[in-house]
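Order of writing sets the labels: A, B, C, D, E and F. Residues in every chain begin at 1.
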(Lines give C-alpha, C1' and ligand atoms only; values in the text may rest on other atoms or scores of the structure.)
Protein backbone atom coordinates (compact mmCIF):
# COMPACT_ATOMS: atom_id res chain seq x y z
CA UNK A 1 0.00 0.00 0.00
CA UNK A 2 3.10 2.15 0.13
CA UNK A 3 3.41 4.95 -2.44
CA UNK A 4 6.70 5.37 -4.20
CA UNK A 5 8.61 7.52 -1.71
CA UNK A 6 11.25 9.09 -3.90
CA UNK A 7 12.06 12.64 -2.86
CA UNK A 8 12.78 13.54 -6.49
CA UNK A 9 9.13 12.95 -7.47
CA UNK A 10 7.08 16.13 -8.08
CA UNK A 11 4.28 14.94 -5.76
CA UNK A 12 6.66 14.25 -2.87
CA UNK A 13 8.43 17.57 -3.44
CA UNK A 14 5.07 19.39 -3.59
CA UNK A 15 4.24 18.02 -0.12
CA UNK A 16 7.70 19.03 1.13
CA UNK A 17 6.98 22.57 -0.13
CA UNK A 18 3.64 22.61 1.73
CA UNK A 19 5.54 21.59 4.91
CA UNK A 20 8.28 24.20 4.44
CA UNK A 21 5.80 27.02 3.63
CA UNK A 22 3.25 26.06 6.33
CA UNK A 23 0.61 26.07 3.58
CA UNK A 24 -2.91 25.39 4.81
CA UNK A 25 -4.32 22.45 2.83
CA UNK A 26 -7.54 20.50 2.42
CA UNK A 27 -7.08 16.72 2.34
CA UNK A 28 -10.01 14.75 0.93
CA UNK A 29 -10.13 11.17 2.18
CA UNK A 30 -11.69 7.94 0.87
CA UNK A 31 -14.45 8.19 3.50
CA UNK A 32 -15.22 11.69 2.08
CA UNK A 33 -13.87 13.27 5.28
CA UNK A 34 -12.05 16.54 4.70
CA UNK A 35 -9.08 17.28 6.96
CA UNK A 36 -7.94 20.92 6.99
CA UNK A 37 -4.63 22.10 8.40
CA UNK A 38 -0.92 22.32 7.87
CA UNK A 39 1.24 19.38 6.86
CA UNK A 40 3.79 18.76 9.62
CA UNK A 41 5.62 15.70 8.21
CA UNK A 42 5.27 12.87 5.71
CA UNK A 43 6.85 9.46 5.31
CA UNK A 44 6.23 6.49 2.99
CA UNK A 45 2.97 5.51 4.77
CA UNK A 46 1.52 8.65 6.34
CA UNK A 47 1.01 12.39 6.37
CA UNK A 48 0.61 14.35 9.60
CA UNK A 49 -1.75 17.35 9.44
CA UNK A 50 -2.20 19.70 12.41
CA UNK A 51 -5.27 21.88 12.85
CA UNK A 52 -5.73 25.40 14.31
CA UNK A 53 -5.54 23.98 17.84
CA UNK A 54 -2.28 22.18 16.99
CA UNK A 55 -4.05 18.80 17.19
CA UNK A 56 -2.39 16.23 14.90
CA UNK A 57 -4.20 13.84 12.56
CA UNK A 58 -2.06 11.04 11.15
CA UNK A 59 -3.46 10.29 7.70
CA UNK A 60 -2.68 7.03 5.92
CA UNK A 61 -1.58 7.86 2.33
CA UNK A 62 -3.64 4.89 1.06
CA UNK A 63 -6.77 6.86 2.02
CA UNK A 64 -5.90 10.14 0.27
CA UNK A 65 -8.08 11.12 -2.69
CA UNK A 66 -6.75 14.63 -3.26
CA UNK A 67 -4.98 17.54 -1.59
CA UNK A 68 -5.35 21.17 -2.46
CA UNK A 69 -3.97 24.37 -0.98
CA UNK A 70 -6.75 26.20 0.84
CA UNK A 71 -7.71 29.49 -0.74
CA UNK A 72 -6.77 32.53 1.32
CA UNK B 1 -0.21 1.66 -4.57
CA UNK B 2 2.00 2.98 -7.34
CA UNK B 3 0.85 2.44 -10.94
CA UNK B 4 3.36 1.21 -13.42
CA UNK B 5 4.96 4.48 -14.53
CA UNK B 6 6.42 3.53 -17.84
CA UNK B 7 6.27 6.38 -20.33
CA UNK B 8 5.88 3.87 -23.17
CA UNK B 9 2.48 2.73 -21.82
CA UNK B 10 -0.54 4.00 -23.81
CA UNK B 11 -2.26 5.26 -20.61
CA UNK B 12 0.79 7.27 -19.50
CA UNK B 13 1.25 8.66 -23.04
CA UNK B 14 -2.47 9.55 -23.21
CA UNK B 15 -2.06 11.66 -20.05
CA UNK B 16 1.08 13.25 -21.51
CA UNK B 17 -0.97 14.19 -24.60
CA UNK B 18 -3.67 15.76 -22.39
CA UNK B 19 -0.91 17.82 -20.70
CA UNK B 20 0.70 18.90 -23.99
CA UNK B 21 -2.65 19.80 -25.63
CA UNK B 22 -4.13 21.50 -22.52
CA UNK B 23 -7.17 19.23 -22.94
CA UNK B 24 -9.95 19.87 -20.45
CA UNK B 25 -10.73 16.59 -18.67
CA UNK B 26 -13.19 15.16 -16.16
CA UNK B 27 -11.59 12.99 -13.48
CA UNK B 28 -13.97 10.73 -11.58
CA UNK B 29 -12.69 9.77 -8.13
CA UNK B 30 -13.39 6.87 -5.75
CA UNK B 31 -15.46 9.20 -3.52
CA UNK B 32 -17.57 9.98 -6.63
CA UNK B 33 -16.14 13.51 -6.72
CA UNK B 34 -15.63 14.86 -10.23
CA UNK B 35 -12.61 17.13 -10.76
CA UNK B 36 -12.71 19.19 -13.97
CA UNK B 37 -9.74 21.03 -15.41
CA UNK B 38 -6.48 20.71 -17.28
CA UNK B 39 -3.77 18.22 -16.35
CA UNK B 40 -0.63 20.16 -15.43
CA UNK B 41 1.71 17.27 -14.51
CA UNK B 42 1.76 13.62 -13.49
CA UNK B 43 4.22 11.38 -11.70
CA UNK B 44 4.08 7.80 -10.38
CA UNK B 45 1.76 8.73 -7.46
CA UNK B 46 -0.23 11.79 -8.50
CA UNK B 47 -1.88 13.90 -11.17
CA UNK B 48 -2.18 17.68 -10.85
CA UNK B 49 -5.35 19.23 -12.32
CA UNK B 50 -5.87 23.01 -12.43
CA UNK B 51 -9.31 24.59 -12.70
CA UNK B 52 -10.52 27.78 -14.47
CA UNK B 53 -9.14 29.90 -11.64
CA UNK B 54 -5.75 28.20 -11.93
CA UNK B 55 -6.27 26.46 -8.55
CA UNK B 56 -4.41 23.14 -8.41
CA UNK B 57 -5.83 19.85 -7.09
CA UNK B 58 -3.26 17.12 -6.48
CA UNK B 59 -5.07 13.85 -7.15
CA UNK B 60 -3.70 10.53 -5.87
CA UNK B 61 -3.72 8.03 -8.78
CA UNK B 62 -4.95 5.31 -6.38
CA UNK B 63 -8.26 7.20 -6.19
CA UNK B 64 -8.86 7.59 -9.94
CA UNK B 65 -11.83 5.70 -11.40
CA UNK B 66 -11.83 7.18 -14.88
CA UNK B 67 -10.75 10.19 -16.92
CA UNK B 68 -12.42 11.50 -20.03
CA UNK B 69 -11.83 14.51 -22.23
CA UNK B 70 -14.60 17.03 -21.64
CA UNK B 71 -16.87 17.56 -24.63
CA UNK B 72 -16.50 20.94 -26.26
CA UNK C 1 -1.93 -1.15 -8.14
CA UNK C 2 -0.93 -2.72 -11.41
CA UNK C 3 -2.61 -6.00 -12.41
CA UNK C 4 -0.44 -8.76 -13.69
CA UNK C 5 -0.22 -7.85 -17.39
CA UNK C 6 0.71 -11.14 -18.93
CA UNK C 7 -0.86 -11.62 -22.35
CA UNK C 8 -1.03 -15.36 -21.73
CA UNK C 9 -3.52 -14.88 -18.87
CA UNK C 10 -7.15 -15.81 -19.73
CA UNK C 11 -8.45 -12.46 -18.39
CA UNK C 12 -6.04 -10.42 -20.52
CA UNK C 13 -6.81 -12.56 -23.57
CA UNK C 14 -10.56 -12.21 -22.93
CA UNK C 15 -10.17 -8.41 -23.07
CA UNK C 16 -8.07 -8.73 -26.25
CA UNK C 17 -10.92 -10.77 -27.78
CA UNK C 18 -13.45 -8.06 -26.83
CA UNK C 19 -11.18 -5.51 -28.58
CA UNK C 20 -10.73 -7.62 -31.72
CA UNK C 21 -14.48 -8.48 -31.97
CA UNK C 22 -15.71 -4.95 -31.10
CA UNK C 23 -17.88 -6.56 -28.43
CA UNK C 24 -20.13 -4.12 -26.57
CA UNK C 25 -19.45 -4.49 -22.84
CA UNK C 26 -20.73 -3.20 -19.51
CA UNK C 27 -17.98 -2.20 -17.07
CA UNK C 28 -19.07 -1.89 -13.45
CA UNK C 29 -16.84 0.42 -11.42
CA UNK C 30 -16.06 0.79 -7.69
CA UNK C 31 -18.22 3.93 -7.54
CA UNK C 32 -21.10 1.79 -8.93
CA UNK C 33 -20.90 3.70 -12.24
CA UNK C 34 -21.60 1.54 -15.28
CA UNK C 35 -19.65 2.37 -18.44
CA UNK C 36 -21.08 0.87 -21.65
CA UNK C 37 -19.21 0.69 -24.94
CA UNK C 38 -16.50 -1.03 -26.89
CA UNK C 39 -13.02 -1.67 -25.54
CA UNK C 40 -10.53 0.17 -27.75
CA UNK C 41 -7.25 -0.68 -25.95
CA UNK C 42 -5.84 -1.89 -22.64
CA UNK C 43 -2.47 -1.65 -20.94
CA UNK C 44 -1.19 -2.56 -17.45
CA UNK C 45 -3.00 0.37 -15.78
CA UNK C 46 -6.03 1.24 -17.91
CA UNK C 47 -8.80 0.20 -20.27
CA UNK C 48 -10.19 2.58 -22.89
CA UNK C 49 -13.92 2.23 -23.64
CA UNK C 50 -15.62 4.27 -26.38
CA UNK C 51 -19.35 4.92 -26.43
CA UNK C 52 -21.85 5.24 -29.32
CA UNK C 53 -20.66 8.79 -30.03
CA UNK C 54 -17.03 7.57 -30.15
CA UNK C 55 -16.23 9.39 -26.89
CA UNK C 56 -13.44 7.66 -24.96
CA UNK C 57 -13.44 6.93 -21.22
CA UNK C 58 -10.09 5.89 -19.79
CA UNK C 59 -10.87 3.51 -16.94
CA UNK C 60 -8.28 2.73 -14.25
CA UNK C 61 -8.13 -1.09 -13.83
CA UNK C 62 -7.89 -0.62 -10.05
CA UNK C 63 -11.52 0.59 -10.14
CA UNK C 64 -13.00 -2.29 -12.15
CA UNK C 65 -15.46 -4.55 -10.32
CA UNK C 66 -16.68 -6.62 -13.25
CA UNK C 67 -17.06 -6.62 -17.02
CA UNK C 68 -19.70 -8.45 -19.00
CA UNK C 69 -20.57 -8.60 -22.66
CA UNK C 70 -23.80 -6.70 -23.25
CA UNK C 71 -26.69 -8.88 -24.33
CA UNK C 72 -27.78 -8.36 -27.93
CA UNK D 1 -3.50 -5.68 -7.15
CA UNK D 2 -2.75 -9.28 -8.01
CA UNK D 3 -3.47 -11.94 -5.38
CA UNK D 4 -0.86 -14.56 -4.77
CA UNK D 5 -1.75 -17.12 -7.45
CA UNK D 6 -0.19 -20.25 -6.09
CA UNK D 7 -2.22 -23.35 -6.90
CA UNK D 8 -1.06 -24.93 -3.63
CA UNK D 9 -2.90 -22.28 -1.57
CA UNK D 10 -6.15 -23.49 0.09
CA UNK D 11 -8.13 -20.52 -1.30
CA UNK D 12 -6.98 -21.15 -4.89
CA UNK D 13 -7.69 -24.87 -4.52
CA UNK D 14 -11.14 -24.14 -3.03
CA UNK D 15 -12.00 -22.12 -6.17
CA UNK D 16 -10.65 -24.96 -8.36
CA UNK D 17 -12.97 -27.35 -6.50
CA UNK D 18 -15.95 -25.03 -7.12
CA UNK D 19 -15.04 -25.06 -10.85
CA UNK D 20 -14.63 -28.86 -11.00
CA UNK D 21 -17.88 -29.52 -9.05
CA UNK D 22 -19.95 -26.83 -10.83
CA UNK D 23 -20.88 -25.51 -7.39
CA UNK D 24 -23.31 -22.60 -7.44
CA UNK D 25 -21.76 -19.71 -5.50
CA UNK D 26 -22.62 -16.22 -4.29
CA UNK D 27 -19.88 -13.65 -4.84
CA UNK D 28 -20.20 -10.47 -2.80
CA UNK D 29 -18.43 -7.49 -4.38
CA UNK D 30 -17.02 -4.23 -3.03
CA UNK D 31 -19.98 -2.33 -4.53
CA UNK D 32 -22.27 -4.67 -2.51
CA UNK D 33 -23.39 -6.34 -5.75
CA UNK D 34 -24.02 -10.08 -5.40
CA UNK D 35 -23.17 -12.22 -8.42
CA UNK D 36 -24.69 -15.72 -8.38
CA UNK D 37 -23.62 -18.56 -10.65
CA UNK D 38 -21.00 -21.15 -11.36
CA UNK D 39 -17.29 -20.39 -11.51
CA UNK D 40 -16.05 -21.20 -15.02
CA UNK D 41 -12.37 -20.20 -14.68
CA UNK D 42 -9.97 -18.14 -12.59
CA UNK D 43 -6.56 -16.59 -13.18
CA UNK D 44 -4.33 -14.23 -11.17
CA UNK D 45 -6.57 -11.19 -11.87
CA UNK D 46 -10.09 -12.47 -12.47
CA UNK D 47 -12.84 -14.98 -11.85
CA UNK D 48 -15.45 -15.82 -14.49
CA UNK D 49 -18.94 -16.62 -13.18
CA UNK D 50 -21.75 -17.76 -15.50
CA UNK D 51 -25.40 -17.42 -14.60
CA UNK D 52 -28.45 -19.63 -15.39
CA UNK D 53 -28.61 -18.23 -18.92
CA UNK D 54 -24.91 -19.03 -19.44
CA UNK D 55 -24.05 -15.31 -19.46
CA UNK D 56 -20.50 -14.68 -18.21
CA UNK D 57 -19.46 -12.00 -15.72
CA UNK D 58 -15.72 -11.40 -15.47
CA UNK D 59 -15.08 -10.38 -11.87
CA UNK D 60 -11.86 -8.60 -10.86
CA UNK D 61 -10.44 -10.38 -7.78
CA UNK D 62 -9.54 -6.99 -6.28
CA UNK D 63 -13.28 -6.36 -5.87
CA UNK D 64 -14.19 -9.63 -4.13
CA UNK D 65 -15.34 -9.37 -0.51
CA UNK D 66 -16.45 -12.96 0.02
CA UNK D 67 -17.62 -16.10 -1.78
CA UNK D 68 -19.90 -18.73 -0.38
CA UNK D 69 -21.45 -21.86 -1.81
CA UNK D 70 -25.17 -21.27 -2.35
CA UNK D 71 -27.40 -23.38 -0.14
CA UNK D 72 -29.35 -26.04 -1.98
CA UNK E 1 -3.26 -7.39 -2.59
CA UNK E 2 -1.64 -10.13 -0.56
CA UNK E 3 -0.86 -9.42 3.10
CA UNK E 4 2.50 -10.40 4.43
CA UNK E 5 1.90 -14.07 5.35
CA UNK E 6 4.64 -14.69 7.84
CA UNK E 7 3.57 -17.09 10.57
CA UNK E 8 5.85 -15.27 13.03
CA UNK E 9 3.75 -12.09 12.77
CA UNK E 10 1.50 -11.39 15.81
CA UNK E 11 -1.56 -10.86 13.57
CA UNK E 12 -1.09 -14.18 11.76
CA UNK E 13 -0.48 -15.96 15.06
CA UNK E 14 -3.56 -14.32 16.59
CA UNK E 15 -5.68 -15.79 13.77
CA UNK E 16 -4.02 -19.18 14.27
CA UNK E 17 -5.00 -18.98 17.97
CA UNK E 18 -8.61 -18.19 17.01
CA UNK E 19 -8.57 -21.30 14.77
CA UNK E 20 -7.04 -23.55 17.43
CA UNK E 21 -9.41 -22.31 20.19
CA UNK E 22 -12.55 -22.27 17.99
CA UNK E 23 -13.08 -18.67 19.12
CA UNK E 24 -16.26 -17.09 17.79
CA UNK E 25 -15.32 -13.86 16.00
CA UNK E 26 -16.96 -10.90 14.29
CA UNK E 27 -15.36 -9.92 10.98
CA UNK E 28 -16.22 -6.45 9.71
CA UNK E 29 -15.87 -6.10 5.95
CA UNK E 30 -15.32 -3.15 3.59
CA UNK E 31 -18.98 -3.32 2.50
CA UNK E 32 -19.90 -2.96 6.22
CA UNK E 33 -21.12 -6.59 6.26
CA UNK E 34 -20.45 -8.38 9.53
CA UNK E 35 -19.62 -12.08 9.30
CA UNK E 36 -19.91 -14.00 12.59
CA UNK E 37 -18.52 -17.47 13.17
CA UNK E 38 -15.43 -19.52 13.78
CA UNK E 39 -12.27 -19.22 11.70
CA UNK E 40 -11.64 -22.60 10.04
CA UNK E 41 -8.49 -21.76 8.04
CA UNK E 42 -6.47 -18.87 6.61
CA UNK E 43 -3.94 -18.51 3.83
CA UNK E 44 -2.19 -15.52 2.19
CA UNK E 45 -5.37 -14.40 0.36
CA UNK E 46 -8.35 -15.60 2.38
CA UNK E 47 -9.96 -16.49 5.69
CA UNK E 48 -12.67 -19.13 5.96
CA UNK E 49 -15.36 -18.50 8.59
CA UNK E 50 -18.09 -21.06 9.34
CA UNK E 51 -21.39 -20.12 10.93
CA UNK E 52 -23.67 -22.00 13.39
CA UNK E 53 -25.01 -24.13 10.55
CA UNK E 54 -21.46 -25.03 9.48
CA UNK E 55 -21.85 -22.95 6.29
CA UNK E 56 -18.50 -21.57 5.11
CA UNK E 57 -17.85 -18.01 3.94
CA UNK E 58 -14.54 -17.48 2.17
CA UNK E 59 -13.48 -13.92 2.99
CA UNK E 60 -10.85 -12.11 0.93
CA UNK E 61 -8.30 -10.55 3.34
CA UNK E 62 -8.23 -7.41 1.17
CA UNK E 63 -11.80 -6.72 2.34
CA UNK E 64 -11.22 -7.10 6.10
CA UNK E 65 -11.59 -3.96 8.20
CA UNK E 66 -11.36 -5.52 11.64
CA UNK E 67 -11.84 -8.76 13.56
CA UNK E 68 -12.80 -9.08 17.19
CA UNK E 69 -13.57 -12.01 19.43
CA UNK E 70 -17.31 -12.11 20.12
CA UNK E 71 -18.22 -11.45 23.72
CA UNK E 72 -19.60 -14.46 25.59
CA UNK F 1 -1.51 -4.56 0.99
CA UNK F 2 1.29 -4.42 3.52
CA UNK F 3 2.57 -0.99 4.57
CA UNK F 4 6.28 -0.46 4.71
CA UNK F 5 7.08 -1.76 8.21
CA UNK F 6 10.36 -0.05 8.93
CA UNK F 7 10.71 0.89 12.58
CA UNK F 8 12.77 3.94 11.60
CA UNK F 9 9.76 5.51 9.83
CA UNK F 10 8.12 8.42 11.72
CA UNK F 11 4.64 6.87 11.34
CA UNK F 12 5.73 3.51 12.77
CA UNK F 13 7.58 5.25 15.61
CA UNK F 14 4.53 7.43 16.32
CA UNK F 15 2.44 4.28 16.80
CA UNK F 16 5.16 2.79 19.02
CA UNK F 17 4.99 5.96 21.14
CA UNK F 18 1.19 5.62 21.42
CA UNK F 19 1.72 2.02 22.63
CA UNK F 20 4.44 2.97 25.14
CA UNK F 21 2.46 5.96 26.52
CA UNK F 22 -0.93 4.16 26.56
CA UNK F 23 -2.31 7.10 24.60
CA UNK F 24 -6.04 6.89 23.92
CA UNK F 25 -6.59 7.21 20.16
CA UNK F 26 -9.42 7.46 17.63
CA UNK F 27 -8.95 5.26 14.56
CA UNK F 28 -11.12 6.16 11.58
CA UNK F 29 -11.71 3.23 9.22
CA UNK F 30 -12.65 2.92 5.54
CA UNK F 31 -16.21 1.93 6.52
CA UNK F 32 -16.38 5.20 8.51
CA UNK F 33 -16.35 3.22 11.77
CA UNK F 34 -14.45 4.93 14.58
CA UNK F 35 -12.56 2.67 16.98
CA UNK F 36 -11.52 4.32 20.27
CA UNK F 37 -9.01 2.86 22.69
CA UNK F 38 -5.38 2.21 23.38
CA UNK F 39 -3.00 0.65 20.88
CA UNK F 40 -1.70 -2.62 22.36
CA UNK F 41 0.51 -3.82 19.49
CA UNK F 42 1.16 -3.38 15.76
CA UNK F 43 2.78 -5.49 13.06
CA UNK F 44 3.10 -5.18 9.28
CA UNK F 45 -0.60 -6.06 8.68
CA UNK F 46 -2.53 -5.05 11.79
CA UNK F 47 -3.02 -2.81 14.80
CA UNK F 48 -4.63 -4.06 18.01
CA UNK F 49 -6.75 -1.52 19.90
CA UNK F 50 -8.30 -2.33 23.29
CA UNK F 51 -11.31 -0.47 24.65
CA UNK F 52 -12.29 0.51 28.24
CA UNK F 53 -13.48 -3.03 28.93
CA UNK F 54 -10.14 -4.42 27.70
CA UNK F 55 -11.85 -5.91 24.62
CA UNK F 56 -9.44 -6.11 21.66
CA UNK F 57 -10.21 -5.09 18.08
CA UNK F 58 -7.69 -6.26 15.49
CA UNK F 59 -7.67 -3.60 12.79
CA UNK F 60 -6.26 -4.29 9.31
CA UNK F 61 -3.88 -1.43 8.39
CA UNK F 62 -5.28 -1.48 4.83
CA UNK F 63 -8.55 -0.11 6.29
CA UNK F 64 -7.07 2.79 8.30
CA UNK F 65 -7.96 6.29 7.12
CA UNK F 66 -6.51 8.27 10.00
CA UNK F 67 -5.51 8.05 13.67
CA UNK F 68 -5.52 10.88 16.15
CA UNK F 69 -4.82 11.09 19.84
CA UNK F 70 -8.09 11.61 21.71
CA UNK F 71 -8.36 14.96 23.44
CA UNK F 72 -8.27 14.80 27.22
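By our rule, contacts are C-beta pairs under 8 Å (C-beta built on N, C-alpha and C of every residue); 3 or more make two chains touch, one makes a residue touch a chain.
This is a predicted model, so every value here is computed, not measured.
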item	value
Shortest path length from chain B to chain E (each step joins two touching chains)	3
Contacts common to chain B and chain D (chain labels)	C
Interface composition of copies chain E and chain F: same or different, split at half	different
Separation of chain A from chain B, taking each centre as the mean of its C-alpha atoms, in whole Å	19
Averaged-CA centre spacing for the pair chain D and chain A, given as whole angstrom	38
Distance between chain centroids, defined by C-alpha means - chain A, chain C (Å)	33
Overlap residues in chain A, where contacts from two or more other chains coincide	1-2, 30, 62
Chain contact topology (line, ring, star, complete or other)	ring
Order in which chains appear around the ring, chain E first, chain F after it	E, F, A, B, C, D
Chain E partner contacts - residues on chain D that touch it in the complex	1-4, 6, 9-12, 14, 28, 30, 32, 61-62, 64-69, 71
Of chain D, residues touching chain C in the complex	1-2, 5, 29-31, 33, 35, 41, 43-46, 48, 55-60, 62-63
